[in-house]
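Notes follow once the structure below has been shown.
For reference, chains read A, B, C, D, E and F in written order, and residue numbers begin at 1 within each chain.
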Amino acid sequence: MTRFKNIFSLFARIAPVLLIPGLALADDTPVPDKGDTAWMMTSTLLVIMMGLPGLALFYGGMVRSKNVLSVLMQVFVVFSLLTVLWVIYGYSLAFTGTGTWIGGFERLFLAGINADSMAATFTDGVVIPEFVFIAFQCTFAALTACLVVGAFAERIKFSAVLIAMVIWFTFAYLPIARMVWFGEGYMFKLGALDFAGGTVVHINAGIAGLVGAIMTGRRLGYGTTAMPPHNLPLVMVGASMLWVGWFGFNVGSNLEANAFAGLVFLNTFIATAAAVVAWTFIEWGTRGSPTMLGGASGAIAGLVAITPACGAVGPMGAIVLGIIAAVICFWAVTKLKRIFGYDDSLDVFGVHCVGGIVGAILTGVFVAEGLGGVGLAEGTSMLDQVGVQALGVAITLGWSAVVAFIAYKVADLTVGLRVAEDQEREGLDTVSHGESAYT
Amino acid sequence: MTRFKNIFSLFARIAPVLLIPGLALADDTPVPDKGDTAWMMTSTLLVIMMGLPGLALFYGGMVRSKNVLSVLMQVFVVFSLLTVLWVIYGYSLAFTGTGTWIGGFERLFLAGINADSMAATFTDGVVIPEFVFIAFQCTFAALTACLVVGAFAERIKFSAVLIAMVIWFTFAYLPIARMVWFGEGYMFKLGALDFAGGTVVHINAGIAGLVGAIMTGRRLGYGTTAMPPHNLPLVMVGASMLWVGWFGFNVGSNLEANAFAGLVFLNTFIATAAAVVAWTFIEWGTRGSPTMLGGASGAIAGLVAITPACGAVGPMGAIVLGIIAAVICFWAVTKLKRIFGYDDSLDVFGVHCVGGIVGAILTGVFVAEGLGGVGLAEGTSMLDQVGVQALGVAITLGWSAVVAFIAYKVADLTVGLRVAEDQEREGLDTVSHGESAYT
Amino acid sequence: MTRFKNIFSLFARIAPVLLIPGLALADDTPVPDKGDTAWMMTSTLLVIMMGLPGLALFYGGMVRSKNVLSVLMQVFVVFSLLTVLWVIYGYSLAFTGTGTWIGGFERLFLAGINADSMAATFTDGVVIPEFVFIAFQCTFAALTACLVVGAFAERIKFSAVLIAMVIWFTFAYLPIARMVWFGEGYMFKLGALDFAGGTVVHINAGIAGLVGAIMTGRRLGYGTTAMPPHNLPLVMVGASMLWVGWFGFNVGSNLEANAFAGLVFLNTFIATAAAVVAWTFIEWGTRGSPTMLGGASGAIAGLVAITPACGAVGPMGAIVLGIIAAVICFWAVTKLKRIFGYDDSLDVFGVHCVGGIVGAILTGVFVAEGLGGVGLAEGTSMLDQVGVQALGVAITLGWSAVVAFIAYKVADLTVGLRVAEDQEREGLDTVSHGESAYT
Amino acid sequence: MKLITAIIKPFKLDDVRQAVTEMGVQGITVTEVKGYGRQRGHTELYRGAEYVVDFLPKTKLELAVADDIAEQVVEAIVNTARTGKIGDGKIFVTALEEVVRIRTGETGSEAV
Amino acid sequence: MKLITAIIKPFKLDDVRQAVTEMGVQGITVTEVKGYGRQRGHTELYRGAEYVVDFLPKTKLELAVADDIAEQVVEAIVNTARTGKIGDGKIFVTALEEVVRIRTGETGSEAV
Amino acid sequence: MKLITAIIKPFKLDDVRQAVTEMGVQGITVTEVKGYGRQRGHTELYRGAEYVVDFLPKTKLELAVADDIAEQVVEAIVNTARTGKIGDGKIFVTALEEVVRIRTGETGSEAV
C-alpha cells in the first residue's frame, strides 16, 4: 500500500496549480504546510550552497593556482546568469504548456505568478508556494551548467563559456528537464525513474563536458607535465559542501517533509559514505595509497549514482549502489580516460556522466522489492524498467551531445574557444580576469 | 486582497506577546507552528553563518596576509561580545517598553522570559517562541557591528574596535532598530518600508564605517603601494556564504514559513544574481576584465539593495533593482572613493551604505503595483513613499554618524585608535594577536 | 507545569515505535509533523557539516602543512566508515532490545524498518520518521570518533586509526550511547542529565584521545621545535562551522521544533559567545595577546560545556557556564598539559574531556530553578544530582579509557601505531596518502 | 668549480633539468623568484585600484659544477630555456672556492 | 661584472627598484627570504605553546651590473633602503665571471 | 670575507643556527628551496595521474662571514646538519668582494 503510494508518486511529478490571479484567496484553495515550505526553502539554499561555494571550491582546488579564479568565476557567473535567464524564460519553457519536450511562453518573466500561486507536489492536495518551486528548480538548472565547466578548465575563454552555456541551457537543459520531470514530458510518460536528476543533471552535464573537452583540445603539457591540484583542502571543503548540499537536491526533490523524505535522506547519506569507503580502499589496494582526492571523488561518485535512485531503493541497495558507482567511476577516471586520451580536466565525464549512467541503470534494478526497493510499478518487469532507464540515458546522451557540439561551435566561431598559448602558460586568472588568487 | 494583506503586514511589525510567567499554559494561548519555528531557527543559523565564517572570510580574504587574523578576530569577538550584551540589555532596550526611540529595562538579563513566552508575527494569532525571536534579532545586531570593521581594517587597534563597537551598538544600533522595526518606533509609524534592514543594518553600518575610516586615517602607503586581496578564493567563499546566509536574514524577517516567504525568497535570489551579472559586465566593458572581486562585490551590492525591498517588490522589480544597485555601487567604489580620497579599506561605505540607500529609496518606487510590487499603502502616492524612505535614510545617516564619531573619539582618548607605524608595517596579526595566519 | 514537562522529557528518551511492517497505515498511527521532520533533517545536516568540513578544517588548520591531508582524510574516512557500520549494526546495538548497556541484533542491516516506521520523541504521541532518527543518531556516532583523531595527529598510521576507531566505536561508543540515552540504559535510569551528549560524545572522545596520545607517544621535536598551526583562517572557518552545526547537535536532540527548542537554541548560542569572550580576555590578560586560536578554542569549550546542559539551564546559567568552561579549559591546555607532558596534538582532552566534565557536573547545579534552570526533578537535591552527574562522568571515563587502550593495542600489534621517524619528518601527506596539500 | 645561476621561465624547468642531468650534473637547487626586467607585466584590477605587476614569476636554478663542464652546461641551459621571446632570463657564473658534501664531508669536485 | 645581493626590508622594495632603474639597471631578481640577525623577532602564542620568531621576513634582491656602476648602485640601495632602525639589512658584492642572456645568447655586459 | 651557502634538510635549521651563532655569526639569510639530487623523491597520485616528485624541500642558508672563521663555520654546519643519510645537502663557499650594512653604511668585516 504505502509502497505503491511512493512509486505512484514518482509518476506524478509537478503540474503547478494555477490560481487565477486577482482572485481573492478562496476557502478551498490549498494552503501550503509550513513544514514543507520551510524544508523546500532550506533545500533550495542547500543547492545554492552546492554551487556557491561548494562546486566552485571542489573544482577550484583541483586546478593549478594560476587558474583558480577563472574556475571560480565561471561557476559564479554562469550560476548567476542562468538564474536570471531561468526566471525570464527558463521556467516557462520547462514547466508550463502541454508539449512533450518543450513548454510554452505564458510565464515569460514569471507573468501571472504571485505569492499565492501554488505548485502541486506528489501528494494530492498538498502544495508548496510556486515561487519556492521556481527557486528550487532554478538551482538545478544553474548548477547543472556549472558542472560542465570542469571539463575544459584551464584553457577556455571566459566569453566562450558564457556563450556555450547559455545555448546549452536553452536547447539541452530545458527540454531534457521537461521530458524527464514534467507530467506531460516524453520520458516521464515512458516511466523512466529519475528521482532527483541522474539524467537531467549528471549525464546531461557529463556528456556536454566531454564534448567540450574534446573540442577545446588538451591543455598544453597534458600527459607530460605534472598538473596536481593546487589546494586539496579546498577540494575537501568543496566535496563536503556538495555532500551536505546534495540532501537539498535529493530530499528537496520529494517536495515535502513527509515520512518518505526520511528514506531519501538516509539513502543519500549512506550511499555516499559507502562510496567514500569503497574508493578509498580500491585506491589503497590497487595504487598503494588512499588519497584525499580519491575520498572526495568517491563521495561525488556516490552522490551522483544515488541521485536518480534515492526515492526508489532501500538502504542496503543504496550501499551496494554506492560501492558499484565508486568502482566504476574509479575505473573511468584512471583507465578509460587514459585509453581515449581526452583531457577532461576535472573528470566531469568520468564521475558525473559515468556515475549518472550507473545510477540510472541500477535504479531499475534496486527498485525491486526483493532487493529492498520500493517496488517496481505493477506489470513492469525489472528488464522492462532497466530498458526504460537505458532509453532515458540514451536520449539524454544523444540530445545533450548534439546541442553541446553546436553550442561550442557557435562560441568558437564568434569569440574563439581557447586562449592563446602564452596566455594559457601565464594562467587564466591574470589573463582573463586581471587578478591573482593569492599574494 | 491578498496584496493588501501583505502590505498591511509590513506595517504590523512585532510586539512580543508577553505571557504572564508562572501561569500554566492556558488553552487559548497561541502555540507556535513547528514549521515556523523550524524556519526561524534555520534562519537564525543562516545569519550566524553570514557572520561566522561568511563575513569574516569575505573581509579576511581582502586584506593583506599580515592582517587577516586581525580581521577574523575583530569579527569573531565583536560578534560574540555583542551577543552577550544583546541578551543582557540589548533586547530589552530595543524591543520592550513603549518609547518611540528606545525601550525599557524590564527584560534586562531576559528577566521574565521562559520557553513558553511567545513573540507575535505579522499574522494575527501566529506566534513564534520568544527565545527564537531573541536569537534571531541578536544575530542582526551582532552582524551589523561586524560589517563596520571592514572600513578601518589593517590599521586599527583591537581594543579600540571593541570599545567603539560597544558604544555604537548601544547608542546607534539599538535606537535605530527600535525606531524602524518596533510597533511604536518613530520611523515605523511614519510608514517607512524596510523589510529586512536596509537602514538599520546597511546604511547604519556603512556610515559608521566611513566615519571610522576617516577618523582612523589612511593606511600607510595608501594610493602608492599595491594592496591586493591576499586570498581571493576566501573572498569568494565569504561572498557565497553571505549570499546563502542572507536568505535567513531576508526571509527570516518574514517570521513565518508561509506563502509570502516564497516571494521574499525569490527576490533575494534573483536580485543578487542580476547584480552579479551587471557588475561583471560593467567591469568587463569599462575596465577590460570581469574580476572575481567584482562578481563577489556585485553579489553583496545586490543583497544589500534587495534587503529593504524583498517583501515589497515583485521579481522583475528585484532584477532591475539588483542591476541599478550594481551600477551605482560600482561607481561608488571606483570613482566616488577616489574623488574624496578616504581609505575605506573594504568599501563598507561604497557597498553597504550606498547600496542600502539605493535599496531604501527604490523600495518606495518598485513597491508600486504597476511595477510588479505588492502595492503602495492606500492613499499613499509613490512620491510620498519615496519621501518617507528618504527621511528614514536621512535620520539613520545622521544619527549613526554622530554616535560613531563619539564612539571612535572615546576609543581614541582611552586606548588610541591606531597602532604605531612600525606595527602597521609588520602587520596586526603578530602585533595585536601574537600569531601568524600561515606558516 | 511546563517546566515539569520539560524535566520529565529528559527522563523519557527515545524508544522507537515499531510499526508492524507490511501492515497498511492504520488510522491511529501517529503521523510525523512536517515541521519536526524538516527540523530534524536540517539538524542532521548541521551535524554532518560539523564533521565535514567543520571539524576536519578545525583540526586540519592546526597541524603543520605536511600533515593536513592526513587529518582531513582521517576525519573523512572515519566519518564515512562508521556511517556504514552504524546502519549495519550500530543502530541495532544501541537502540533496540532491552539490555541496560547494549541492545540486540534485530535491526542488523536496518531489517524491518521502512519509510513508515516512526520513532518516538519526548512528547507523547509525537513521532518522527525512524529513518530520520537513524540518520541523526548516526552523525553523533560518526562525529564522536572523528573528535578522537586530533589527539594523536601528525604521527599515527592511517590504518591504525581505522582499526582503533572501529573497535572503539563498537565497544565504547555504542554501549555508552545506550546507557545514557536509551530508555532502558543504565545511566539514563539513574537520572543522569545529558541533553545532547556531554558524556557520550565529549568525555568519551576526549579520554579516548588522551589514551591514544600517550600510547602513540609524543611527536618528534615536541617541546623543542615550534609546531604552529599552518593555517589559522582554516581553524577559524572550522570553528565557525562547528558553532553553526552544533545547533543541529543540541537543538536536534530535542527531536521537535517546539517552543522548548527555543531555549536549547538560545543557550547554545550565548554560552558559546560568552566562552569566546572569556577565553579572549583571559588570554589577553595573562599572556599578552588575544589570539584567533584562543577565540576559536573558547567557542569549542563553550559548545562542549553547554552540550549536556542546553536543555536544563536558563540563559544566564548558560552564560556563566560558558565563562567557567573557558577558564578551566584554558587552564587545561596551557598548564595541565604542560604539567603532565603528554602530547595531545590538538587538545582533544583539554577541550572536549575537560569541557565535557565541567558541563556535566555544572548541569547538576544550574538546572536548579533558583539559578534560572528548568528545575531539579522532584525529590532530588542539587547534591544528589551532582553526584549522579559525577557518576556518569566516572563510568564514561573508565569504560572509554579501557576500551581505547585495547583498541590501540590491537592496532599496534597488527599494523603498528606509528609511522617511521623519517616518514614523520617528511609528513604524513606524502607518506600515507601520496599527495601534497598545496602546490 | 663554478656556480651557475640561471633565471628561467618556470615552465622550462623540466626541460632544463633533463638537459643538464644528461650532461652529468647531479644536483640542482631551485628557488621560486620574481623577476623584473624588460618583459612587461600585466595589469591587475581590484575594485577602484589598478596596478601593473612588474615582477613576474621566474625560476632560479643554482648548479655547482666542475670547471671543465661549466661552459657546456651554460650552453645547454641556454638552448633548452630559450623561447626567443622576451623574458627568457639570464645566466650568471661565479667562481666557487669550495664545495662540501655534508653527508660525507667530501670536498671539491668530488662533492658536486 | 658584479653581482649585488641586497637583503632589505620588504616594504622598501618599490623604492629601491625605482632608485636603481633610474641609474640604468635593467633587471632585478627578487626572492622572499627570512632573516636572522640583530633585530629581535616577536613572540607567538598558540594555546600552551609560546615561542620567539627569530626569522623575520626580508626581501633579497640580486642585480647583475657592469663594474663601473656597481659602486653607485650599492650606494643607491643603501640610501633608499635605510630606515636607520635595526634590521635594515645587508648588501653583498661578488665578482661575476660571466653573464648570458638566454633569449639572445649575448654575454658579458651586453647581457646584463 | 666569504659567503657560505648551505643547502640543508629543513628540520636541521634550528640546530645549525644555534651552532653557528655560538661561533659568533651574527646573521643568516634563509630561503626555502627545492633540491634535486641523488636523494629519490616520492610518488604522488591524483586520480589517473601519477608522477614522481624529484624536487624535495630543502633550506638554503646564506652567511657572510669574516675569512678567519669561514672554515670553522663550514665545519660546524657539516657537523650539525649531517644525518648520514642521502640528501643531507651541500655547502658552497664564494669570495665576497664587499659587504655593507645598510643601517649604518659600515663596510667590510664590520658589516657582517
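Quick note on the criterion: a contact is a pair of C-beta atoms (placed from the backbone, for glycine too) under 8 Å apart; a residue touches a chain by one contact, two chains touch by 3 or more.
All values derive from a computational prediction rather than experimental measurement.
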Neighbouring chains shared between subunit A and subunit D, ordered by label: B, F
For subunit B paired with subunit E, centre-to-centre distance based on mean C-alpha positions, whole Å: 47
Chain centre separation in whole Å, for subunit D relative to subunit B (CA means): 52
Cα-centroid distance, subunit A relative to subunit B, in whole angstrom: 33
CA centroid of subunit D to CA centroid of subunit F, Å: 18
Subunit E, residues touching no fewer than two other chains: 31, 43-46, 85, 94-95
Where subunit B touches two or more other chains, by residue: 33-36, 38-39, 42, 228-229, 231, 287-289, 291, 293, 434-436
Pairs of chains found to touch, sorted by chain label: A-B, A-C, A-D, A-F, B-C, B-D, B-E, C-E, C-F, D-E, D-F, E-F
Complex interface listing, subunit A residues touching subunit D: 221, 225, 422, 425-426, 430-431, 434-436
Residues of subunit B touching subunit C in the complex: 24-25, 31-39, 41-42, 44-45, 48-49, 52-53, 56-57, 60, 68-69, 72-73, 76-77, 79-81, 83-84, 87, 109-110, 114-116, 118, 129-132, 134-135, 138, 158, 231, 234, 432-439
Parts of subunit E lying in touch with subunit B, wherever the complex brings them together: 11, 14, 42-46, 53, 85
Subunit A-touching residues of subunit F, taken from the complex the two chains share: 43-51
Partner subunit E, residues of subunit C touching it in the complex: 226-229, 283, 287-289, 291, 293-294, 297, 333-335, 337-338, 347
